[in-house]
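Input: a single structure, listed below in structure tokens.
Letters are used for the chains, namely A, B, C and D, taken in the order the chains are written, and counting of residues starts over at 1 for each.
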Amino acid sequence: VTQDDIRFQERIDAEDKIEPRDWMPDGYRRTLVRQIAQHAHSEIVGMLPEGNWITRAPSLRRKVALLAKVQDEGGHGLYLYSAAETLGVSRDELVEQLLAGKAKYSSIFNYPTLTWADIGAIGWLVDGAAIMNQVPLCRCSYGPYARAMVRVCREESFHQRQGYELMLALANGTAEQKRMAQDSLNRWWWPSLMMFGPSDDQSAHSAQNMAWKIKRFSNDDLRQRFVDATVPQAEFLGLTIPDPDLRLNAETGHYDFGAIDWTEFNEILKGNGPCNRERLEARRKAWDEGAWVREAATAHAAKRAQREMKKVG
Amino acid sequence: MSNDTQQALFGYALRLGDTSLVLGHRLSEWCGHAPELEEDIALTNVALDLVGHARLWLAYAGEVEGKGRDEDRLAYRRDVFDYRNHLLVEQPNRDFGHTIVRQFLHDSWAVELYDRLTASTDATLAGIAAKAVKEVRYHVRHSADWLIRLGDGTAVSHAKVQDALDRLWPYTGEMFESDAASATLAAAGIAPDPLELRAAWNARIAEILAEATLSRPADGWMQKGGLRGEHSEHLGFLLAEMQFLPRAYPDATW
Amino acid sequence: MSNDTQQALFGYALRLGDTSLVLGHRLSEWCGHAPELEEDIALTNVALDLVGHARLWLAYAGEVEGKGRDEDRLAYRRDVFDYRNHLLVEQPNRDFGHTIVRQFLHDSWAVELYDRLTASTDATLAGIAAKAVKEVRYHVRHSADWLIRLGDGTAVSHAKVQDALDRLWPYTGEMFESDAASATLAAAGIAPDPLELRAAWNARIAEILAEATLSRPADGWMQKGGLRGEHSEHLGFLLAEMQFLPRAYPDATW
Amino acid sequence: VTQDDIRFQERIDAEDKIEPRDWMPDGYRRTLVRQIAQHAHSEIVGMLPEGNWITRAPSLRRKVALLAKVQDEGGHGLYLYSAAETLGVSRDELVEQLLAGKAKYSSIFNYPTLTWADIGAIGWLVDGAAIMNQVPLCRCSYGPYARAMVRVCREESFHQRQGYELMLALANGTAEQKRMAQDSLNRWWWPSLMMFGPSDDQSAHSAQNMAWKIKRFSNDDLRQRFVDATVPQAEFLGLTIPDPDLRLNAETGHYDFGAIDWTEFNEILKGNGPCNRERLEARRKAWDEGAWVREAATAHAAKRAQREMKKVG
């Protein structure tokens, strides 16, 4: 432990924000790059399952809302890549890691969107879980990340309300719509709980990240908060959460819930989810087929610069 | 409003609404698949604007028609032969250059039209145009900039956009097609005669193609039919996908 | 027939009908686009057989259900979550090699199943199987022959079909999936336990892959869900296209 | 005029069938190759507009019928290419001419199929017109062509009845279906009349082809027969033929009809039809993307032959 390390930790403890030019431990930088990149990749890959329903949105109002939402996600990707770049890694490097299958993104986006209700469920549950994770990041010790998260969270919480409102329309709709909503909740509930990551006793790096104030709450705490917030919402929708063990614990005031089956989650992490291959291939295809466009833009910019030079010269 | 004028105005609002909607649909197919993140956002943004315009035009069409059809009823419950969009905008996506060319040819028309429609004697039409024209000005800047970049980029990009231009050119004649309905609207000062837009469109095309080092294709035989509901084979597939939910669940509201 | 058996039989007939229909649909997408004229005819012919089988299975499903739904009602008015086909057959067409692999993996299962179903205690099921099995025997010969040609053809063709095999393998587990319904049917001698087909399927796969000089992928994690209506993202688009007309014109007969 | 020419013409006049190994004038051979190839190409390209509706056929019965029909057309293509091959030209050569845009196919297939009714209209009108042209070809002086046409005509006339029956279902259906049928008749009527080719006074080669008994009736005669056969069918359907000048001529017993506007037809011949580009591109794409498959089949056949040789040797 060097003097630098000690001073750094003092700044963290004093809730000082660390800025790009400040000294920081390599581990802190590495952890942040990995986490911010993973978050950025998730936004970009997350455009795919929702984008899947834009052309089939059932009303023009919903279509516009979904377009706007997916566009916001692209925007989040942009801020987050920029935040990562302040740590000395380029967006292209990060994208290459994603396309090479070396970087992670949220496993939730390896599930398919099978019905329109899934667009509601993603807003309500997936964005809801994301917000639980992300709100504390607005106070993350690394300044650029914390500031990006403020904007991200504001928009995400709008998306979450929109998703819930979409579910409400289905839940109050025809029997078929209600069935669609319930089916969707059945499929997305457990994967949403898994978004918080493994139980605290299984989770590596947690202590150090807490000390560095990159992480402020444990996975299990955040998961519990999510369950507590979401169960009453499901009740209001008149939908049933697919967990026979779910019940309010009168003593703790929290909802107890059943054991999570991590088998499928682990398979998805290994690349065996229903859509892992398709998601990455879609991103790779876009990148590869766009190569000539990016080259043309570069070539044109060079030509233009040369012409400007001539004019000036 | 005379019966003729009302009919003409209904058809006109459909033409603008359908054209915006179908082009917005095509652009939205790019979502998540564009050559770079900034373009993913930009294309989605243009799609968003276009679907927004479609809502306004179709809502107004329904109002003019006076049979209680709202924007969704018109968008989701008409089959191909009742769609009035230009054939240009239903042409399927090929590469990004093709999308840019299609967009530029359309935007160059739309910006001239909307600009003139702000002076329509029909207050609703003028109001919609005044709102939309600001966005369309941005669209044409965006598509023109990309056309220049790609035309005056690499040999590969030049060849690709020139090919797209040659392919799409026969669909541009339709934008300037007049008929009895457009004559009625022009006489009433509601909408300009479509032919009136041609000179300004030509001028912009000439300017941007020159900067993009691209050749303007010859004005040969032009494809027509969209305005009387005779489309290409592509529109039916687009509508089948777009309209699935309201057709499958006719009693639902969403 | 007990209520349970009836329910199980209904689901089983749907499973067979939907699987045939969806695979027939995918094959029919090749029509006019195959690598040579003989194959255009052959693929169309297999599609024709499969849609023919689907008609028989769905008509029987409707009869067993007893709610007045006929083959078209079942084919055209169910949304994704009520479709019971295997995920394998809804996977979109890629190249011809991929289509052949998908077909061979399916045919190798179907020929074993139909062969056994001819001995079903349910006379209708046995009758349909007896008719279909003759055609399916031709199908599996056709797809196996092509798999051998492509696997043991050029380096390019070998690589392409090996890749297709690796891609599609995770969808094969579902064909042998059992549940309460299949147990009920097996107990009544109506249909074999799906697992029973596995050994014969394995043997054929081993034989043909060896001749095709292809490697059998490892049996890792298998994709499931089709039998309980949890499909891939592709089925919704397929159904939107297939069902357009009956959905758009619900009162029409054709 | 040589002795051979004279003897050849005598055989023709005696209604003798010319067979592949028989002597024939170069012009006869060239004309037949061109005509049979054009006919074969039309069958193949004709699979596309109809194939366009297979995935959307509105009932399983109709889907099966359409699949069978399109399959038949592929079969016709096969026989016809075989008939052309008896004249010393390979199928691959002919296909290359098609893909290079050097060979013609029937212009009618450059129109789009826009609604389901078009499948009916193609069967009723396009196959109907084709049969008018083709029935006399069953007596064509060239044996292999005449025999191929017997089979083709039998199947085509089944298709024609099927198409008419499809139109009848629409004409007897809902108002929307009837509208679909009428709209389709409006679009296909004139192009069907143009299928018989230019008026006799505009038509080259006709006299020679008549003398050779490749052609037995003039374009205008066949067109008139088609109109006479079709008008009562349209009346039975309750549909209106889109020709204000159409009327029964009491004196001649034939239907008089309006002047044909050849402008569009000529544009389509020049390649400017609504679908010329797409049709040829679809065929080219199928051919190019199938190259590796054909190569693999050839390579495999060679390997197999070699193995057989080893076994025998």
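As a working rule, a contact is a pair of C-beta atoms (placed from the backbone, for glycine too) under 8 Å apart; a residue touches a chain by one contact, two chains touch by 3 or more.
Because the structure is a prediction, the values reported are computed rather than measured.
**Student:** In how few steps can one go from chain B to chain C if every step must land on a touching chain?
**Tutor:** When the steps are counted carefully, the minimum from chain B to chain C is 1.
**Student:** Any chains in contact with both chain A and chain D?
**Tutor:** Shared contacts of chain A and chain D: B, C.
**Student:** With respect to inter-chain C-beta contacts, which pair, B-D or C-D, contains the greater number?
**Tutor:** C-D
**Student:** Roughly how far is chain A from chain C, going centre to centre by Cα mean, in whole Å?
**Tutor:** Spacing between the chain centres: roughly 37 Å.
**Student:** Going through chain B residue by residue, note those that touch at least 2 other chains and give them in order.
**Tutor:** Residues 79, 236, 240-241, 244.
**Student:** By residue number and range, which residues of chain A touch two or more other chains?
**Tutor:** Answer for chain A, listing residues that touch two or more other chains: 56.
**Student:** Following the definition at the start, I'd like every touching pair of chains, please.
**Tutor:** Listed in label order, the chain pairs in contact are A-B, A-C, B-C, B-D, C-D.
**Student:** Residues of chain C touching chain A in their complex?
**Tutor:** Residues 79-81, 167, 170, 220-221, 223, 225, 230-233, 236, 240 of chain C touch chain A in their complex.
**Student:** Sort out for me which residues of chain B touch chain A in the complex.
**Tutor:** Listed in rising order, the residues of chain B that touch chain A are 21, 25, 28-29, 31-41, 44-45, 47-48, 51-52, 54-55, 58, 71-72, 75-76, 95-97, 148-150, 152-154, 156-157, 160, 241-242, 244-246, 249, 251-254.
**Student:** In the complex formed with chain C, which residues of chain A make contact?
**Tutor:** 49, 52, 56, 112-115, 179-180, 183, 187, 267, 270, 272, 274-275, 277-278
**Student:** Per the contact definition, I'd like the list of chain B residues that touch chain C in the complex.
**Tutor:** Residue positions touching the partner: 79, 236-237, 239-241, 243-244, 247-248, 250.
**Student:** Where on chain A does chain B make contact in their complex?
**Tutor:** 44, 47-48, 51, 54-64, 67-68, 70-71, 74-75, 77-78, 81, 116, 166, 169-170, 173-174, 176-177, 282, 285-287, 289-297, 299-301, 303
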